[in-house]
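Below you'll find the structures, each written out as C-alpha cells.
The two complexes that follow have chain A in common; it is paired with chain B in the first and with chain C in the second.
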Partner chain A sequence: MANEKAGIERTVTSPEPPALSLRGLTVSYRAPDRELELITGVSLDIGPGEIVCLVGESGSGKTLTGRAVLGLLRRNPRMRVGGSVTFGGRELTTLPEGKLRRIRGGQIGMIFQDPAAALDPVIRVGDQIAEAIAAHGAAAGKRAIRDRMVELLSQVGITDPELRARQFPHELSGGMCQRVLIAIALAGDPSLLIADEPTTALDVTIQAQVLDLLATLRAERGLSILLITHDMGIAAQMADRVVVMYAGALAEVAPVTAFFARPGHPYSLGLVQAVPRADAPRGRRLPAIPGSVPEAGMRPPGCPFQTRCPLRLDLCEQEAPPLEAAAARHDATGRHLVACHRSAELLDGRLSVWSAITAGTS
Partner chain B sequence: MDGRTTKQNEEREPAAPAPAGPDDAGLTAPGVDLSVLPLLLGRPARLPGGAGRRWLPRGRVGLIISALFLAVLVAWAIAPSVFGGSDPTGINPLAALAGPSARYPFGTDQYGRSIYDELVYGTRPALEVGVLSTLIGGAVGSLIGIIGGYLGGWADLLVMRLIDILLALPGLLLALIFIAALPRTLPNEIIAISVSTVPIFARVLRAQALQVRSRLFVDAAAVSGLRRRTVVTRHIIPNCLAPAMSLGAVYVGAAIVIAASLSFLGLGPSEVVPDWGELIQSGQGYIDHDWWISVFPGVVVTLVVLALSIIGDRVQAGLEPARG
Partner chain C sequence: MTEAPVTPALAPPAAPVVEVRDLVKSYRVRGGRGLAVRALDGVSLAVGDRSTYGLVGESGCGKTTLGRLLLRLERPDSGQITFDGQDWLAKRGERLRVARKDIQAVFQDPLGSLDPRRTAGYAIGEALRAHGLAAGKGGREQRAAELLAQVGLAPELARRHPGELSGGQRQRVTIARAIAVQPKFVVCDEATSALDVSVQAQIINLLIDLQESLGVSYLFISHSLAAVRHVADRVGVMYLGRIVEEATAGRIFTAPQHPYTRALLAAAPVPDPAAARKGLPAGHLGGEVPSATSLPSGCRFRLRCPRAEAICAAQEPPLAELADGHAVACHFPG
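Presenting the complex of A and B:
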C-alpha cells in the first residue's frame, strides 16, 4: 500500500495544478465486531476544467468516495475517513465543520442520482435555490436573490423559470428536478461539481440533455466535474480521464481514448467489452464478468479482483499489484496507470480475455 | 360503504365473520367500539402511519359529520349563553330528575339543573384543556423528539430512556401524579395533561426525524452549504409536521377524556363549573333509573373523541402524498 501511494504521487499529475487531489483516501466502517475498510487508499487528481469519470460496479466505492470528499460521512460516528483530500490548497478531511460548510456548495457542488428525492418535497423549488444562494452570500436582499435564482434556472435550461420557481418538486419531471439540483449546486459558483450518477434515474433523451448541460457548464465556466457513473457509454462521451474503481481501490486510471482503445486491467476490459457495439458481429453474446464485487471484509488478500479474474496467477493471491504507470512503449506520457500484475501482457495485446470465457460458457 | 359499516356494528357477533364484502372494511372490530378503550388509558387506538381503524366511516361522509359536530361544540364554547340558557347552575327542585323533554332535552339532575345547559357551558373549559394541553405537550414533545432524532448520540439515548419510563405509565396515571402534587386549578390541569402528552409526541416525532434525516434531500441541503440550524428548521421540522398534526387531532380527544376522567375522580379543577367529568360522576348514583344524567355527557365525550379520531385520520391521509 505504501509503495502504491508513493508511485502515484510521482506519476499522476495533470498538466495544471489539480483542483481536487485525493491522496491515500481511506474510508472504514466500525462494525460491532471489527473494522471494515470500505475504501482502501484512493489517490486521484482532478485538474481545472477536467471531467473525470469514476466508473465501476455497484459496491465498488464510487459514491462513498464522492461523499467522503465533502465530509458527508462525518455525521455517521461509525465511519472514519483517512488519508488526505486537498482542494484549493486546503486539507478538507480535518477542516472544521463551519469552514467545510462554506466549501460545500461554495466551491464544490454535488448532485445526486435520484433528483426527485434530493429536493425537499414541501418547499417550492425556487425557495430551495434561494436558500443555497443566501447560504453563500452570492446575493443579498430578497430582490437580488430572486433575480439570481431566476438567472440560475434559465442557465440550466429551464424554460419559464418564474413559473417553475413557484412549483413543488412533485410537479416537475425527473429531468427538470435534476436541472433544479444543478442550479442549486451552482448557486455558490463552485469550481468543482461532484455528480453522483446524475442521469441513472432519467430516461435516455433527458439523460442526453443533462449530460449536454454538464458539458456546456464545463466549457463556459471551466467547471471541473467528477462524474460518478456505471455507464461506460457516458464515460466514453464525457470523460477526459476514466478512473476505474473496484472493491474500494483504483484498478486503472487512463485518458479516455487510451482507456477505450486498450484497457490495461482485466476488469476494465470486461467493463468495456460488456457494452454492446453496433460494429460487433451479429449473434455474438456479450461477454459478462461472472460473480460480483466481494463485500468489504470478504476481500481476498492480494489483488482484490483475483476471485473473478481469468488471468489470475499465484502472485495475485500473495501480493496486491500497485497502481503503476504503463510501460513507455504503451504510453509515453505516464498518465495511464494500472493496478494489475499482467497489465503489460494485456496492453501488448497478447491476451484475449473475456471472449474466451464467453466461448467456454455459451 | 358507511351504511354497511353501521350494520355490522349493530350485529354484535364478533365470532361470526360478517358477510364478506368486496373488501374487509368494517370487519376488524364488529360490535362494540373497543378501540376507544386504549384512548381512555391515554393511548390512541393506533399511531398514525399504521394500518387499522377500518371500521370508521371512510371518505368524506365521516369527515363532514365529524366537522359539523365539532363546529357545534365550538359554537357552544364561544357563546354558551346563546345555546344553553342564562343560568346553567340554577337549582330548580320542582324539576329535579326530569327525563328528556322539549324543555330539558337531556333531562335534569337531582337539583333540577338542565343537563343540556350544563353540557353547553362545560364545553369551553373542556376544549381549552384539550387544545391547550395538546398544543403545549405536543410542541414540547415534538421538539424533544426531533432534536433527539436529528442529533442522535448519547443525549438522544438518555432522553429516550426517560421517555420510555414515562411511556410505561398510562397517560391518565401520569396526569394523576402531577395533578395530585399541584393545586387543582385549570392551568395546572392543562400542565398535568401536557406532561402526559409529551412522551408519545417525543417518541413518534423522533422516529419521524430519524426517517427524514436519512432522506436524500437532507444530504443535498447539507452539500449546498446550508447551516445545520437551517437544515433542521427549514427541512427536518416541516417534513415532520404531518404525523404531529394527525397525532395532535387524536390527542385533543385523549386530553378531553383524561380531563373528564380526572374530574370524575374528583381531581378536576375546582373553579370549573359545570364540568363534563363531574356531570358524568354526579349521575353515577342514579344510573339505574335516571340514566340521562351520566349518559348524555358520556355520549358527548365519546363523540368528541370519535370525531377527532376521524379528522386525525383524514388529516393523515391528506398529508401523506406531500410527505412522498
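Presenting the complex of A and C:
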C-alpha cells in the first residue's frame, strides 16, 4: 500500500549515528492457509546512550519486534523477517547464525520478564556469569574471569558478591535474579541492551531499584537501551523517546516530554489516560479505550486503530495514515511522528477525545 | 498509645459488612524443621456496607492470605471474622455451603478460574444452579445472558469457551459469575493486575458501576496503590503480615504517614515525565523484604527504613490512631 511505503521510508533520525537502525522491518507468519503479517514495516533508530521505550498493549507486536532484532525468530521456520536491521554498521538480518550469536549476548545484551526462567536452575549464578564472560567478554584466564564476575555483580548492586556468586538461582529473590541477568548481559560489554518487560514480574519497590540501575548504566557506560514495556509510567520515567506500537505498526514516535504533554495519536492518549494514578484528583472512573487489540491477521482495513477510535472518519476506514512528522508549529525538530489522519487537530488541542468515554463508561 | 499492637486502633465503620479481628495464620515451612511463617500476624479491619476496602502491599505481605480466610478456603489459627453480624468462622456444612454465595471472589488469572472445557454461559449457569437462583435450563440461560449484558458483554459470548475470549472478556465472565449469586461481598484479589492498561481501566470502571447498581462491598487486594486509588474508600497498607497504616483513601494518598506507604507511592511510576523523574533515585527503598521466617526485632520495616533509630529495634510500634480514623504503626510517623 502506498501509505505504508511512505511510513517505511520515513526514518526517525537522532543527531548522532544510531546504535541500532531498523528500516521497514516486517515479520510474517506462515499459517496453514495464509500468510499473516505481524509486523508491518517498522523504521526506527536508537541513538548512542539513548533509551527508547517501546510501548503498547499485549499483542501490539513490541516483543516480536525485539525478538526480530535479536534474530531469535530464525528458529521458527514459519516466521519470516524482512526489511533491515543494522547494528554497528552490520546488517543483522542476513548475518550467519554463528556470527549473530556472538553479537547477541555480546555487543547486544538482552534481559527478559521472567528472570528465574532465564537462569539455569542447577548452575551457580557466578558460574553463569563467568560463562558469559568467557563467551563474550574481554577477560581471559580463570582468575581474570572470576575478578570480572565479582566486579559485574557489584556493579549491578549485589551486596556480598562473593557469597551470592556461589548461590543457585532459587536461593535469590526475583529482584536479585534480574540483577544477575543484567550482569550476564553486561559481560560482553554491550553497547545496546534490549530489555523486554524487565521489571513486570517484580514488586514495585524492587522494580524501582532495577529501573534506577538501568538508568545508572546508561549514564555511566553510555549504553543504548530498547526498553519494551506495557507501563506508561515506566516510559515516562525512563525514556528519551517513546515509540507506540499498535497492531504491528508504529502509531507514534516522540521525545518523552512532547509525548506526555500532548500525544498526537488517539491510541497514545488513551494509553496515557487509562493509567490509574495515585496522584490523580479524587475522580473515580478511568477513561478506557473500548475493545481490544485485533488478533494477528484480523487487522481492519485502513487505519488499524479505526475500530476502537472515537475520532474515526470515513477516510480512516479506507486509508492507513502514514507515520509522518507533526507540523512545524507543533514540533520544529521533526522528531515527533504520528500515524493518524487527525493528528494535527489533536496536537492543536482542538479535539477532546476521551471525555465522552469517561462520562459514560461501559 | 495503646500497649497491645494487635487490637484495632480504629472504630469500625458505622455498619461494617465484614469485620476481622486479630487474625493470625501461620504456615509451616517445608523442610524448615518446624519453622513457621506468620503470613498474618494479628490483622484487624472492617469493611463498611456498600464500600470498598483497598488492601495494598508487596508479594508475601499476607494480603492474599487474608482474602483466602474470608473466602473460607482456609481457617485462621486464631482471630474472628464477622460477616453481616454473624460469626463467619462458625458456619459449617450445609449452612456454610448456603452462606458461601454471600462472599464471592474474582482472582488475577481468569483463565485459571474458568474451566477451559465449559462455555462462559455454562460457568455462570452453574453458579446459578448451585444456589437455586434460576429455574430450569432456559431460566438459567436467560439469566446468564442478562448477567453478561450487565458486565458489558454481548449475550452471544455465552457460547464461547474461555480460550475463545480475550483476557478482558474472561475477567468480565468471572465477574458475571461472581455477581450471579447476588453476593454482599466480593474479594477481588489482583483482579486487574494481569490485564492491559486499557482493559484494566475498563474492569475498574465496571467494578465501580456494579457497586453502585448492586450495592456490593469489595475487598480490593492489589500491589498497586494507584489502582486502589480509583476504587477504595478505605485503604490498609500491609507489610510482613501486619497492617502498618490505615486511613481513608483520601488521607493515604495525600498525607501518608508510614515511611513504607510513602515509599510505595514514590516507587510507582506515574505517566508524567516531570513527576516521574523528581527526587530519583533518593526516594527509593533499598534492600528487599526480609524473610518472614526471620523477622527483625522491633519494627519489621526498620531494616529498610530511612528513619530507623534505636527504639525501632527495641520495640514494635503499635498500630495507633493519629487523627480521625488514620492509624499508623511507626515510632516516627509523618
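Points worth noting:
Basically, the second predicted complex is superposed on the first by the 342 of 362 C-alpha atoms of A that agree within 3 Å, B and C clash if a C-alpha of one lies under 4 Å from a C-alpha of the other, contacts with A are read in each partner's own complex, and residues count from 1 in each chain.
As a working rule, contacts are C-beta pairs under 8 Å (C-beta built on N, C-alpha and C of every residue); 3 or more make two chains touch, one makes a residue touch a chain.
None of the values given here were measured: they were computed from a predicted structure.
Partners chain B and chain C fit side by side in the overlay (superposition on chain A). Once the two complexes are laid over each other on the shared chain, residue contacts for A:336 go to neither chain B nor chain C. Contact with chain C, but none with chain B, is seen for A:57 once the two complexes are overlaid on the shared chain. Touch criterion met: A:120 reaches chain B, while chain C stays clear of it. In the superposed pair of complexes, A:208 makes contact with chain C only, with no contact to chain B. Looking at the shared chain after the overlay, A:232 reaches chain C, while chain B stays out of its contact range. Of the two partner chains placed by superposition, only chain B is touched by A:105; chain C is not. Residue contacts after overlaying the shared chain place A:173 against chain C, while chain B stays out of touching range. Contacts of A:185 after superposition on the shared chain: chain B is touched, whereas chain C is not. After superposition on the shared chain, chain A has more residues touched by C, the comparison being chain B against chain C. Rounded to the nearest 10, the angle at the Cα centre of chain A between chain B and chain C in the chain-A superposition is 70°. With chain A fitted onto itself, chain B and chain C come no nearer than 12 Å, counting C-alpha atoms only. In the three-chain superposition model, chain A touches chain B and chain C at no common residue. Only residues 70, 72, 77, 97, 101-106, 109-110, 112, 114, 117-123, 131-132, 135-136, 170, 181, 184-185, 187-188 of chain A touch chain B when the two sit together in their complex. Contacts from chain A toward chain C in the complex involve residues 57-58, 173, 175-176, 203-209, 211-212, 215, 230-237, 239, 256-257, 260, 270-272, 274-280, 282, 284-290, 292-293, 361-362.
Against chain A, in their complex, chain B makes its touches with residues 152-153, 215-217, 219-228, 230, 234-235, 238-239, 321-324.
Of all residues in chain C, only 58-59, 152, 166-169, 196-202, 204-206, 208-209, 223-227, 229-231, 249-250, 253, 263-277, 280-281, 284-286, 288-289 touch chain A in the complex they form.
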